[in-house]
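In what comes next, chain A is part of two complexes: it sits with chain B in the first one and with chain C in the second one.
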Partner chain A sequence: MSNRKRILSNIWQKFNSWEGLLFVILIIVFFINSIIAPNYLTVGNQINLFVLYIEKIIVALTMTFLIINGEIDLSAPSIMGLSACTMAYFYSNGMNFGLAILISLLIGVACGAFNGFWVAVVGLNSLIVTLATLIGYRGLARVFVEDRSFGYFPEWFNNLGQKNLIGPFPFALILFFILFIFALIILQYSGFGRRVFVIGNNKDVAQYSGVNVQRVKIQLYIASGLISSLAGLLLAARYGAIRGDTAYGYELEIITMALLGGVNIFGGSGSLYGVFLSILIVLNVRNGLSLAGLSGHFQTGIIGVLLIFSILGPNISKLFKDWNKKHKLFIKPEKIVESNHKEVDQV
Partner chain B sequence: MKKILAHFNPEQIRESFLVLLILVFVLFFSTQIPDYFNPRFINRISTSVAVIGILAVGQTLVFLTRNFDLSIGSITGVTAYLVGQQLWYHPGIPPILSVVLAIGIGMLMGAINGVLVAYGKVPSIITTIGTLAIYRTFLVEYSHAVPITTNLLPDWIVNLNQVALFSFHGFEFRVLFGILLLVSIIFQFILRYHRFGRLLYAIGSNPSASQIAGFPDRRIVFQAFLISGGLAGLAGFMYLVRFGNIMVLAGIGLEFSSIAAVVVGGVSNMGGSGTIIGAFLGSLFIDILQNSLYRSLAVSEFWRDAILGMLILLAVAIDYLVIGHLRKKWARTGFQLKSEETSNVK
Partner chain C sequence: MKKTIWRIAAPLVVLSMLLVSCAQPAAPAEEAAPAEEEEAAPAEEEAAPAVEAYDMVLLPKFMGNLVFDETNQGAEEAQAELGNTGELEYVGPTAENSVAGQIEIVTSSTTKGVDAIMISNNAGDQIVPSVKAARDAGILVVTWDSPIPTAEGEQLFVAQVDFDETGEVMADMALSILGEDGGEFAVLSASPDASNQNAWIAALEEILTDAKYANLDLVDIVYGNDISEDSYDQALALVAKYPDLGLIMAPTTIGITAASKAMQDEGLCDTVKVSGLGLPSEMVDYTLNGCAPEFALWSFVDLGYLTYYTTYKILSGEIEGVEGETFDAGRMGSYTITKDPTRDAGLRILMGPFSVYNKDNVQ
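Entry: the complex of A and B
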């Protein structure tokens, strides 16, 4: 009996977290969507859902690292656009395709290192730095492509983006799952990940305890640049053509995915499990809205609401808890937890 | 030396440096572009700076409290569309009422930002990235992609762009530029002498200290966003006057121009320092640069955004490295001057 109670209370504790809330929301979204559309819960639709936004999802992984580290990278979509544009520009000017890809990846690394230099070495606020480079990198992309649109990439490149590689899974999706597991191990089960958290909690304390703050930050920005440029190339492969405004305005969704996943905007806490759940929520909400016949612009607005809610929600619940402590109108669910602790002590 | 230092502050030195920079740029472009100083070009700059300048005033107020307002481009677009639509349906609306309408719509959207930032404790960058998308969505959905065109609007609003208060050898002092000057002067005085302005500086330079001191920090931040929204509404009206054709993408990217103007003008992104004069000079600089690049043959106009981003970065870096150092020096010399004075009195 007591064992069962303990298990129940453990489950309650698990669900009483942000991830639990996300899980419940996800189930509700699934439920509503499957009522609206009968072919919603098919494997094909679920994979298609991922494929439509795969580039944003990949960049959301590095964004999670940066936000946990207490910084932000608003310039990621511009790096995506810039690397896709440079690849298309060099290829259409007669360069070897492999070399063009390599150069555009290097440009991504250089862009990330440039951000990292201003943030970590000079010590400027990352918001304003990446806001400036958000404009600047986009401007550079426009310098390369001007008003034109580039296409006619090699067939294998287009196939990589548009056709399935293994079974029903396209290349980008497999790449995402590999990167996700890789990121999960680094962030949550490695020394580097602990350093990312420590710096996010308190930069000065981390510095004084011997963590090389500068190096970690620059590494993160370089990783962000590299992954963003990779995502830009995947976008080019999927669309088969590139323009100056490729990946314009993606920062909204990328940041929403990270913050809705429970990553603290001030740094120091968050987990990739939560981010994965929030990715699923964002994708399924978008899918549900388009099943309901609402336009892409309307969906963007809803994503904006989700972004604000992901911070406003916890703030309001904290306000409510404080108010509850003062007035004691509602009975708190902490009783179960207390009894659980007692039992553990007796054992 | 100390006496000379006591007469100036770092902001003034920065602003005079900016004036010098504007002159250098103008001289440079006048060698590159034939017939650079003709009155039509100068007049065009004076009207196009009016939109960015008004936005920069609002952005300055928000920047002083250590916040960002990225949604003002969308607010400008929405207001321009809504006011244009009302003037289309009801051509009899008097000019004053339409300006008040524009400011009211802007304030409403600014109030949403303000409530979320000041009372909801959502960081301003997150709030305004979200509302940037939400307001734009509203515009797209509401307008059904039907553009407002000049032939739908009453004549006075189409002609208002050309109306000059007085002119001198073809150089016109246009109404829009007049509004910008008026707004700038009013807000410069408010920031310098009014209680509200001083509170903005106090909250921006040290939020926790001002909270402990009992300043109404939430209300002031809210009001800063409210005014920023209202000014963006006014800028939306000017946008309507200037272009006449309003599409769903109206005003996109104006938030970046305004931030560039403010930051180049020496308003610190860490809050608590900066003036409207600086913001005005910054917007003049950005606008001259943009308009000159359009006409320049040597430099492609596609470099515009790349240069804009670089300028923001440079301005912030200079502000952080040089001006911050100067300010510390000034603070020390000011302290020494005061202690000498008091010792003399004794």
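Entry: the complex of A and C
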């Protein structure tokens, strides 16, 4: 019992410190931003900062599930683009708008199921499968819209993306918070969530302990497809027009948000609390740089550094320990003596 | 305990270094401001009796294209001349993230509450919601180089050249390169949503129906998205697809250099020539070695100068920015605001003219 308690408290400590660290970083970013950008702390800006990236952070939620599960979905932005393009294509060809939206959501589901089939049933590596569909779905989107741009959606749809729904909050932002709470409950407080973690830790062990690995994985990919599709439609509403490259290249930042949030790239660990904090960090860093008038190249560079840092961060203490062992700088004298003895013994 | 401290401290050091380095570039701009003021002081005395400070943002399609830097030079020149003590911020997205990036910059500029945004629009009508929000916040939006197709939210467009004339200039260059017998040629454009390039290509297609150009056969239009690698590949793909191709016409400075380099690298310059719109400084080698015997352009420095002047005059209330108004734009003389004949709605100021470059005048 005491052993189990210790393991639990260890895990707690580990999570606690990573999220604590993110929190400290967030406060620093917040602090610096409010110094360098006078309009940073206005309500309008704090909402804008979400709205400019709202589609990415919505997809980051399902991406978190998949990465914890030991998989990845690189094709999510292509599904976003494909959904938006098919919706616009059907609508501009005279289809009922509601029906066009429904079909594009179903296309998202189908895209997710297709990914899930190759990963879960056939057993191919998800990195390769979704890399292929990243290209394939994008190509399909371009087949629909070619090199044109489509706009002139119904006014209520544009308003949904561009106007505020309740008070200063636009629809997409409210939707994000609802989805976030929903995802949080499923991942962290439900049986399904536990299965996601167990599979991510060790697929074979999960399989032998009676978890239906295939089903969970396919469900996750379908969810990812559906949410990506929804995000693509939100993007279309916010821009008021779409084209073949809508949501192109979003995968880097979506994955960055998950990984910086402490989600293990090899699966098995992570939390949505961490991801939420990392989303706030990425958005606030971007917003601050933007308000400070720094160009896109600089922002992209910073995001890259954040990604490296997110992989490096959790390992820093381990790196330090290894380095310490090698150079024997910070070890107490008795220990060195001890190890010398050992060497002597061996000789 | 030591472990935890390191775990927290090390990344923090990295991050704080990072953030300090972010904060630094902003500092020189602030320091530079007083210097500009001093420089501008004499002009202030003679020209404007009461000068207000207007903060203006110059937003190019993306950073890293020389022509936009030249536009900024022109804008800075006008700023100094007019003695505007406000900030001129030259900021743009990366080429890969141009649409979302432009929208983000318009939005953050709105948050900052600048007085005017001058845009070379690369997002088609997708920029409209953010521009409308800017206007609602009382910000003046002027476009240059590339307008908003529907003109929604935009006060006016400072056009570098007449868009119909661009079609004629390109057709004439094609004819002069391919000869009277004509032949096949293809267009290598920027992004499919760049409204300036689209208007020029439409004008080109229009004028090709003229009997004078009957022998010119436009076989394809491809898009390199103003990314050098993509444009390079597209140029080579054109050559592979059309064995009889005699000319690639690239109405973009990035496309024309990429296509020229592709033809030069593959030793194709004798059979496939390149033409279009290019910067003399970037094209000089290709023009002298015969890969791109002729190309055209206008002055981007002048475009930036005129855009800044126009925007400033509207901000200061000297003009309202409506149809029929005439105003004085410093060293460039007098200009009139007219209806834009290339768009259904929208106003424009026409700069012009074209300069055609060949081996005799490229250096």
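Things worth noting here:
The definition used in the following text is that the second predicted complex is superposed on the first by the 304 of 347 C-alpha atoms of A that agree within 3 Å, B and C clash if a C-alpha of one lies under 4 Å from a C-alpha of the other, contacts with A are read in each partner's own complex, and residues count from 1 in each chain.
FYI, contacts are C-beta pairs under 8 Å (C-beta built on N, C-alpha and C of every residue); 3 or more make two chains touch, one makes a residue touch a chain.
Note that the coordinates shown come from a computational prediction; the quantities given were computed from them, not determined experimentally.
Bringing the complexes onto one copy of chain A puts chain B in a clash with chain C. When the two structures are aligned on the shared chain, A:305 is found in touch with chain B and with chain C. Put simply, more of the residues of chain A are touched by C, taking chain B and chain C as the two choices.
Within the superposed three-chain model, A:165 lies out of touch with both chain B and chain C [touch as defined at top]. Residue contacts after overlaying the shared chain place A:213 against neither chain B nor chain C.
Of the two partner chains, chain C is the only one touched by A:24; chain B is not. Shared-chain residue A:95: touches no atom of chain B or chain C.
By the touch criterion defined above, A:110 reaches neither chain B nor chain C.
Of the two partner chains, chain C is the only one that A:287 touches; chain B does not reach it. In the superposed model, A:42 lies in contact with chain C only, and not with chain B.
Contact with neither chain B nor chain C is seen for A:174 once the two complexes are overlaid on the shared chain. Annotation: chain B segment clashing with chain C after superposition, chosen from 78-86, 168-176 or 240-248, is 240-248.
Put simply, chain A uses residues 249, 295, 297-298, 300, 305, 312, 316 to touch chain B in one complex and chain C in the other.
The residues of chain A lying in touch with chain B in their complex are 72, 118, 122-125, 127-129, 131-140, 142-143, 146, 249, 251-252, 255, 259, 265-266, 295, 297-298, 300-301, 303-305, 307-308, 311-312, 315-316. On chain A, the positions that touch chain C within their shared complex are 17, 20-21, 24-25, 28-29, 32, 36-39, 42, 44-45, 48, 52, 147-149, 151, 158, 161-162, 238-245, 248-249, 286-298, 300, 302, 305, 309, 312-313, 316-317, 320-321, 330. Contact residues of chain B toward chain A in the complex are 68, 116, 120-123, 125-127, 129-134, 136-138, 140-141, 256, 259-260, 263, 269-270, 300, 302-310, 312-313, 316-317, 320-321. For chain C in complex with chain A, the residues that touch the partner chain are 2-4, 6-8, 10-12, 14-16, 18-19, 22-23, 25-26, 29, 62-64, 89, 91-94, 96-97, 99-101, 103-105, 107-108, 111-113, 123-126, 128-129, 133, 191-193, 223.
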